[in-house]
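Down below are the structures I want you to see.
In the two assemblies presented below, chain A is common to both, partnered first by chain B and then by chain C.
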Partner chain A sequence: MTTPTLPIARSRLRRSLGFTERLDVPRRLSLAAAAFVVLMVGLLLSFITWNGVQLFAHSGVPLSEIFSGTWHPDPSTQSAAIFGLLPFILGTLFVMVIAALISMPLSVGLALFMAEVAPRWARSITQPAMEVFVGIPSVVYGWLGLTVLVPFLRTNLHDLGFTVGFSLLAGALVLSLMILPTITSVALDAFVTVPGEMRGASLALGTTRWQTIRHVVLPAARSGVITAVVLGMMRAAGEALAVQMVIGNRPVIPTSLAQPMTTLTSQITLDMGNTVNGEAWNEALWTMGLILLLISLGFVVLVRRLSRPAKVKP
Partner chain B sequence: MISPFPTRIRVLGLAAVLAAAACSGGGTPTTNPTANSAATQAAGSCVDGSITASGSTALQPLVDAAGKAYTKLCPNSTVNVQGGGSGTGLTQVLGGAVQIGDSDVTAESKLATPDANSLVDHVVARQGWVMVINTGVTGVTNLTTQQARDIWTGVTTNWKAVGGPDQAIVLIIRPASSGTRATLKKIVLGGADEAAGQALTEDSNGAVTTAVQSTPGSTSVIGFAFYQANKANLTALQLDGIDATVDNMTNGSYKLQAFGHMYSKGQPDGLTKAFLDYMLSDSVQHTLIPSLFYAPAQ
Partner chain C sequence: MTRTLWADRAATAVLWAIAVFVVAILIAIIGHFVLASIGTLSLDFVTQDPSDVAIGGVGPVLFNSVYVLVLTLVMTVPLGILGGIYMAEYAREGRATTIIRFCQELISSVPSIVVGMFGLALFVSATHWGYTALGGSLALLVFNLPLMARLTEQAIRAVPEDERHGSLALGATKWHTIRHVVLPIAIPGMVTGVILTAGRIFGEAAALIFTSGLSTPTSYNYANLNLLDPRSPWSPLHPATTLSVFIWKSNAEGLGLFVRQVADSSSALLVIMVLVFNLSARGLGRLLQRRVTGA
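Up next is the complex of A and B:
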């Protein structure tokens, strides 16, 4: 938005500028950086899309086949190759949603605590703790999951169907821990940006702190909190290693939390080294990558819609 | 790249002739120190330079050890060894990214015919797999091929059926695209499918080993070297009454084995050829290979 007086002011300013100022190196540099990023994203999208459609274009697999539940990439004496990707797509969506459901109350609660409740000293503990959380490599989460969580589920929830421990729940639990710092930090930003005047006004009306949080802070930060959760889910969808270590990697459509299953990322990492370019199996992995990309693009669109400021009612 | 090969090869050729002469001389020991060192060189076939081999993680320990031994013999040559999986090795050697592609499976089984024909196969070793079970499963020491097939195809689902305790069988295996699975499918399953959606899949031999150690009633198939490193925590099974040992693999009586392939694009030359020749030399085939729990190619 420009005010009517700005162009005049700008042209006056320009006359007084020296050569280097007029060259405006910082502006050009940042423009080049922006153009580079856009170009990279464009190239990446077209590269993955091109490779992702080869399963249909090159190997002639019908599009409908990928929505089947049968993953049988290696032809055998009994059956030809079938590239049903539904187990992976559903697996990814399931772990993502369940991890977010587990993580959301914890992380939003933690963010609220840090923003609204914690005294300074408590914040000086929780803040670095969060940063440590972010810094832990995913293989460590996976290793902990494999050596602690999986045996725990097997021993303690054996009667609930966790016969081997490797399960959808194990994957979701590990992921929920991993996305905790993401959701917390974005939600914290949302709470901190709620103007202090609103809290002041609310408290001046005689509300308790909880009532202020419940009726003022949370509604005001609503879109920010939802954005935080969606970003957490995106992180969950993209995580491969830690999930792969605890989920069991069984390519079937999941029917219970106790069942081993698999995800798009997990299957890609399992098979990519052992397949060759141009093989239908390898092309199916690219298609999985494309689907993953489409899922995250969907989430980007969602985040942008949600983070739009809410319309003020008259 | 500047190629110093022609003169070098001529020198080596001469050295080889000298070496052959020295050998065919029978009991006559050569006294010429120059000829002696040339002969040593011929045995090592030193060619300066640097090459990269990538691919099969099952072959990686062997190629890596051989590469290091070769560099020790010929300090001016370097053999870089990377993993990545058989598919990666075949793709990279085909694309010219590496000079040697290591693979557990034949190029013909993975690549389109014209591509496969452009690669030259060098069988350098045989590698074996052991059927292992969780140590909690007692009373099972041997499986016939038929019993193993029934277990892996989901016909047999309880250890009781093969003489073990009344406990459900948990199948844990490496990815379907791995050499382990390809070998199991070919030799034990006779090309049939494993029980669909029954097995748990783990990415690496290490992860499979950990999973079998900790999961009651579980069974898997792992590489010889991985079994040797985790002997104390796993129970190995005989296949058709034959122990999974390097000796039994070497004499062919142990069936669960496959060739280790090293592919070059076209006929190898220079250091690539020298290194591939070294892989087939006696010191690698009969000393290094058994020490790493592989069997000689022949």
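Up next is the complex of A and C:
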């Protein structure tokens, strides 16, 4: 079989590229803009890491000391400084997990409502409501927690141990509200991408809507919902100001929901301005920043792993 | 059979209850700030200097918020759009693209307080600028640039392939096609993206405490147009406490009578601005959509 030949050689049809076209300025320029983010990540990682290890490299604090539960950054005549970061790490983990536990039923429920139940008019309320929720700045949530939630806990739940109001629960509640739109929108995406045929097939078998949701929609959207919750937890772990305003800022390992405690972000927020560059206390704050960075790096990898495999499951 | 029907009813009721509850919380939050700011939030409040002995206002703080916002957008939007164009039109799947994508994801998940620390190390200490509006804007650029790039990329990817083919078939170059065919169609999506980014920037505080500063600004001389003079409010090198940072500061200063009123009204102001950003993003997006598709 012979290929039909063109009457004119193909090379003569195509005009040879001019200098500017070969240079292709737009391509190079836009590549530079896109690659700029790599430069920023490189700078950020190296600055935070460099400053974060100074506590060990410069001040000679042994690595094991940061896993101690004692935070005593200001050396006095009686005692040496101790840089135990465990209260902050555990505080961040506790507040993150509890906020996710509170927020999960509400946000996943809301996403289910929007995807499966809501009539058009209801969706036209919840959709913009979510956008406004996302838009409310974190300081506003913090201020609300400080002036409404904390006094409420102090006066109404005083007998349950909320003597000051500032507490693990206050932080978790404020955070649960802040991560609600994050979880809702990602979970909603997961529910909406479940093919309509699957619902139809299930309903055609005579199931109720709830049975279809429970046995078809939820299993099919499972990895998306997990991703949503993980993204919510990521946001909770990194949130600084709102938490700092309601958590009480006490460097102890919390034993009850009513206890004032602290987190990595809160301590950085509070102490960064009061410490001097180069002293061990300041270096410990950078170490906390490095730990936060590692936590978010871990989350990114986790989310990538969660979202990679195709969620085809009968 | 009836049990499954009851379960269905109960589940539906629960889902409705959740939706009503969440919307009620939002209405309560907004209502709270509306009530709390009545009597304080006025034109005077928006224009006057902060004061220790009276309610005063947030004039200079609000000015700083807008200043930092504009400065950040001036840097973020062109860079973000260019980056988005590359990722949508030029990038081939390969190691470079994978690395860029990973960096975009990573940086949008780094806590803003960590970005603030980075800004402190680079734009405040290393440059010897001290606390400046420029330092704050650069810190904001760090985590809003990937967002802008991704929003642009999505908007460009949503442009139908046929439009490109039509233009290329007429002999237009790739760049000509992007500029005159793809971008105009993608503009509504991009505008929405810019406005939503703007809302985020406006409310951001954690990244700004360490970069643009915490000092309460007073008696700005708006007639001083010397851009290199740190005392001029127009200079990128002036310390710029923004509205969000100002609210956070209120909590550190204890709950005096005026502090509470001022912070309540400032919060209300912030929420109102965010609402305006949101509504205009929707409205403008829709308007542009109609113009582009109608023309």
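Some observations on this one:
In the analysis below, the second predicted complex is superposed on the first by the 276 of 314 C-alpha atoms of A that agree within 3 Å, B and C clash if a C-alpha of one lies under 4 Å from a C-alpha of the other, contacts with A are read in each partner's own complex, and residues count from 1 in each chain.
Here, a contact is a pair of C-beta atoms (placed from the backbone, for glycine too) under 8 Å apart; a residue touches a chain by one contact, two chains touch by 3 or more.
Just so it is clear, the structure is predicted and the values come from calculations on it, not from any experiment.
Once the two complexes are overlaid on the shared chain, A:Leu146 sits against chain B and chain C alike. In the superposition on chain A, A:Met245 makes contact with both chain B and chain C. Ranking chain B and chain C by residues of chain A touched puts C first.
Applying the stated contact rule after C-alpha superposition, one finds that A:Ser76 touches chain B and leaves chain C untouched.
In the superposition on chain A, A:Asn282 makes contact with chain B only, while chain C stays out of contact range. Applying the stated contact rule after C-alpha superposition, one finds that A:Phe166 touches chain B and leaves chain C untouched. When the shared chain is aligned, chain B and chain C each come close enough to touch A:Met272. When the two complexes are overlaid on their common chain A, residue A:Ala100 makes contact with neither chain B nor chain C.
Once chain A of one complex is fitted onto chain A of the other, the partner contacts of A:Val230 are absent, as it touches neither chain B nor chain C.
Of the residues of chain A, those at positions 146-147, 245, 269, 272-273, 277 touch chain B in one of the two structures and chain C in the other. Interface residues of chain C, counted against chain A in their complex, comprise 4-5, 7-8, 10-12, 14-16, 18-19, 21-23, 25-26, 29-30, 32-33, 79-80, 82-87, 89-91, 96, 99-100, 102-107, 109-115, 117-118, 120-122, 125, 142, 145-146, 149, 173-175, 178, 199-200, 202-206, 209-210, 214, 244-245, 247-248, 250-251, 255, 260, 263-264, 267, 270-271, 274-275, 277-278, 282. Contact residues of chain A toward chain C in the complex are 21, 24, 26-27, 29-38, 40-41, 43-44, 47-48, 51, 105-106, 109-110, 112-114, 116-118, 122, 125-126, 128-129, 131-133, 135-140, 142-144, 146-148, 177, 180, 207-211, 213, 234, 237-241, 245, 265, 268-269, 272-273, 277, 285-286, 289, 292-293, 296-297, 299-300, 303-304.
Those residues of chain B whose C-beta lies close enough to touch chain A in the complex are 57, 83-88, 90-91, 94-95, 110-112, 115, 168, 170, 175-179, 181, 185, 190-193, 196-203, 207, 210-211, 214-216, 218.
Against chain B, the residues of chain A that register as touching in their complex are 70, 72-74, 76-79, 146-147, 150-151, 154, 163-166, 244-245, 248-252, 260, 262, 269-279, 281-282.
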